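Common to both upcoming complexes is chain A, partnered first by chain B, then by chain C.
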Partner chain A sequence: MLSRMPSAHKSSTPFLVGLLLTMHGFFVVIFLVANAPLEKTMGIVQKIFYFHVPCAWLLMLSTFVCAGGSLAYLFRGSERGDRLAVCSAELGVLFGLCVMVTGPLWARAAWGVFWTWDVRLTSSLLLWLILIAYGLARRYGGAGGRRLAAAMALFAAADVPLVYLSVNVWRGLHPTTKVVSSLASGMRLPFFLSLAIFSALWGVLLTVRMRVERAQARLVELAIAVEDAEGKSS
Partner chain B sequence: MTYVALAYGFIWGAVFTYVALIGRRVARIDGEIEDLRQRVKPGL
Partner chain C sequence: MARPSWAGQAGRIAWKDLHIEGRSREVLYTMGFMAALVVLVFSFAFISGQEVTVGPDVVAGILWVAVLFSGTVALSRTFDRERESEAIRSLLLSPVPRSAIYAGKLAATAAIMFLVELLLTPLLAALFSAVLWPHALWLGLLLLLGTIGFASVGVIFSAALLRARSRDALLGALLFPIVIPVLLAASRATAYLLDPAAPDLDPALFWTRFLAALDVVFVVVGLWTFEPVVMGD
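Now for the complex of A and B:
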């Protein structure tokens, strides 16, 4: 039985290497962002864009991955799908928090207010709150909590197209999706590199979080097996 | 400039806090594994 014991940090080297590489990438991105041309109307505050948009992209990606894992859990009973869903939901909450903080900071400088009930802002807040509710349902939802949370993940995924297209359909204060394709040439490299580095960080965090979740599940199984064995022998 | 620094600082802080929380979770699981190992050792 000892040989079947899981280890939460058995192969932490790839994680550390991945983390160091992405950190190195962040330094390159910060250097490029600092040297990128200033936007004419907003000036230096527009540089929040280089981190704000990748965080928003990861919020949406996490939601889709969470919904995919939840579908696998709901219709095939896949435990791996369920683990993928909970880990990506957690990352969605993390990057959603970054969006919810950096967005209002940018808005305060650009629009003069921290918050306005613009459709993009409201639908993004709703998406983030659904992901938080997903975590709460799992933690406090009792026996059916995991299935309830999985159903909520599908609602969250349905909100993603609304978040993305809202700026094109209902014109508000938030820039449209065309802003990326119309970036000045000097802004493209820092932006797309930032997007790639953030996505790499997301991949590293998701991988290590999945390992921890797997080790936790295995540990629970073994603890139950040990208790059963001890009960039989006494 | 203050808003840019706050935004960048917040993201870095949030990511580092998350990594630290995962580290704490790993340490807790390792502790539980060690407890289980001690319980199993006598009888294997």
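Now for the complex of A and C:
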């Protein structure tokens, strides 16, 4: 075990390039969003769309990546899958928080209320709650907590399509997914670039968080090895 | 002696659980009492003075919240019994597919919950003068589907939390976010069935089908994940 190369020595160049590109991208996106045409009825309020939709997409992506990692952990015993699952779940909670803050801000201006029980709002909230519960299961679930959390992630992924189905049957107040395809041409570039940059940020954060997780696992491994060595010598 | 089929094995595990329950009636009484208390707590909280008319939405909501809260009591006991004298070890060592253990546990838990619900619903109808009889069978089907959906997730979680210290506190907190679609579909459908003024029952039919689809998905995921979840490190 100890002969394995310490993970911190892995090449950081691709990561640093990604980090710099992401940081640079945010400046470009802010500029583009500021110069994008104003929406006719909502005006400046609509600009939150460039922030809200990418965050919602990342909440969804985090859920599925968490489920994918959990699948690998549960059925193949992959430790890496487990790390991927816990890290993406944490990012899902973070981006979900952004969705839950920006959504009501926009809703107050556009619909006059902070919150409605529209199915899409409700389903995002549910996803977010499941990811928070995932964290609770990992931290306080005891010996079976990790496997329980993995099962939760799989149930969450199975939940998503069904919740989405009910959205289409019960078309609510929320703008439907058709909004993106009907975007004015001047809004399209800032929107898709914002989506790409937010996804890149997600990737950068995931990489950093997974390194921490790996280093922690490595530290535990080393501590056990030291204890073993001390036990043998005494 | 010939080895029983998968369904036979699941049936025997369910029978074992129901047999133990039949002797002690512990879950039946505690869950039933808890369910009745939840209904009463809601009655005291919502109703004041001589006013006893609440809408079908509220009655359906109270029914399903009572089912969920009292169901958590039943679920935490499902695997608690296996903890005594490490019975879970012998259960997992027995040459039975893990999925059959899951199916058996699910059947036993759902059966006990359903029995309590059959007693709870008339009580609710009496307290809130709701009209049950026009769609009694449909309502029964809804209760059964909702119970299966809830228990199919709950059995997995209850098994995984077997050795956790804060088991009882965690079970509800982890289970409810996942089963909220079940609660949503079941209480919507029940509200339409209890509403004498409802113009047609199409929405109830939609939500009943939705609930059945949820059940299928949850049971499939449950059968599939039970083995890796209960296997120790």
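FYI, the second predicted complex is superposed on the first by the 209 of 234 C-alpha atoms of A that agree within 3 Å, B and C clash if a C-alpha of one lies under 4 Å from a C-alpha of the other, contacts with A are read in each partner's own complex, and residues count from 1 in each chain.
One rule holds for everything that comes next: a contact is a pair of C-beta atoms (placed from the backbone, for glycine too) under 8 Å apart; a residue touches a chain by one contact, two chains touch by 3 or more.
Since we're looking at a predicted model, the values are computed, not measured.
Enquirer: Figure out whether A:222 sits in contact with chain B (first) or chain C (second), or with both, or with neither.
Expert: It touches chain B, and chain C stays clear.
Enquirer: Residues of chain A touched: more by chain B or chain C?
Expert: For chain A, the partner with the higher number of touched residues is B.
Enquirer: When the two structures are overlaid on chain A, which partner does A:121 contact: first (chain B), second (chain C), both, or neither?
Expert: Touch status of A:121: no partner.
Enquirer: Tell me which partner A:156 touches in the superposition: chain B (first), chain C (second), both or neither.
Expert: Only chain C is touched by A:156; chain B is not.
Enquirer: Under the stated touch criterion, which partner chain does A:109 make contact with: chain B (first), chain C (second), both, or neither?
Expert: In the superposed model, A:109 contacts chain B only, not chain C.
Enquirer: Is A:87 touching the first partner chain B, the second partner chain C, both, or neither of them?
Expert: Neither partner.
Enquirer: Going by the contact rule set out at the top, does A:58 touch chain B (first), chain C (second), both, or neither?
Expert: So A:58 meets neither chain B nor chain C here.
Enquirer: In the overlaid three-chain picture, which partner chain does A:48 touch, first (chain B) or second (chain C), both, or neither?
Expert: In the superposition, A:48 contacts chain B only.
Enquirer: One more residue to check, A:67. First (chain B), second (chain C), both or neither?
Expert: Neither: A:67 stays clear of chain B and chain C.
Enquirer: What part of chain A is shared between its chain B contacts and its chain C contacts?
Expert: Common interface on chain A, chain B vs chain C: nothing in common.
Enquirer: Please name which positions on chain A make contact with chain B in the complex.
Expert: Residues 1-2, 5-9, 12, 19, 30, 44-45, 47-48, 51-52, 55, 94, 97-98, 101-102, 105-106, 108-109, 201, 205, 208-209, 212, 215-216, 219, 222-223, 226, 229-230, 233.
Enquirer: Touching residues of chain B toward chain A in the complex: what are they?
Expert: These residues of chain B touch chain A: 1, 3-4, 6-8, 10-11, 14-15, 18-19, 22, 25-26, 29-30, 32-33, 36-37, 39-41, 43-44.
Enquirer: Okay, in this complex, where on chain C does chain A touch?
Expert: Chain C residues touching chain A: 153, 156-157, 159-167, 170, 173-174, 177-178, 180-181, 184-185, 206, 210, 213-214, 217-218, 221, 225, 228-233.
Enquirer: Under the stated contact criterion, what part of chain A meets chain C in this complex?
Expert: Touch list, chain A to chain C: 74-75, 122, 126, 129-130, 132-133, 136-137, 140-145, 147-148, 150-152, 154-156, 158-159, 162-163, 165-166, 169.
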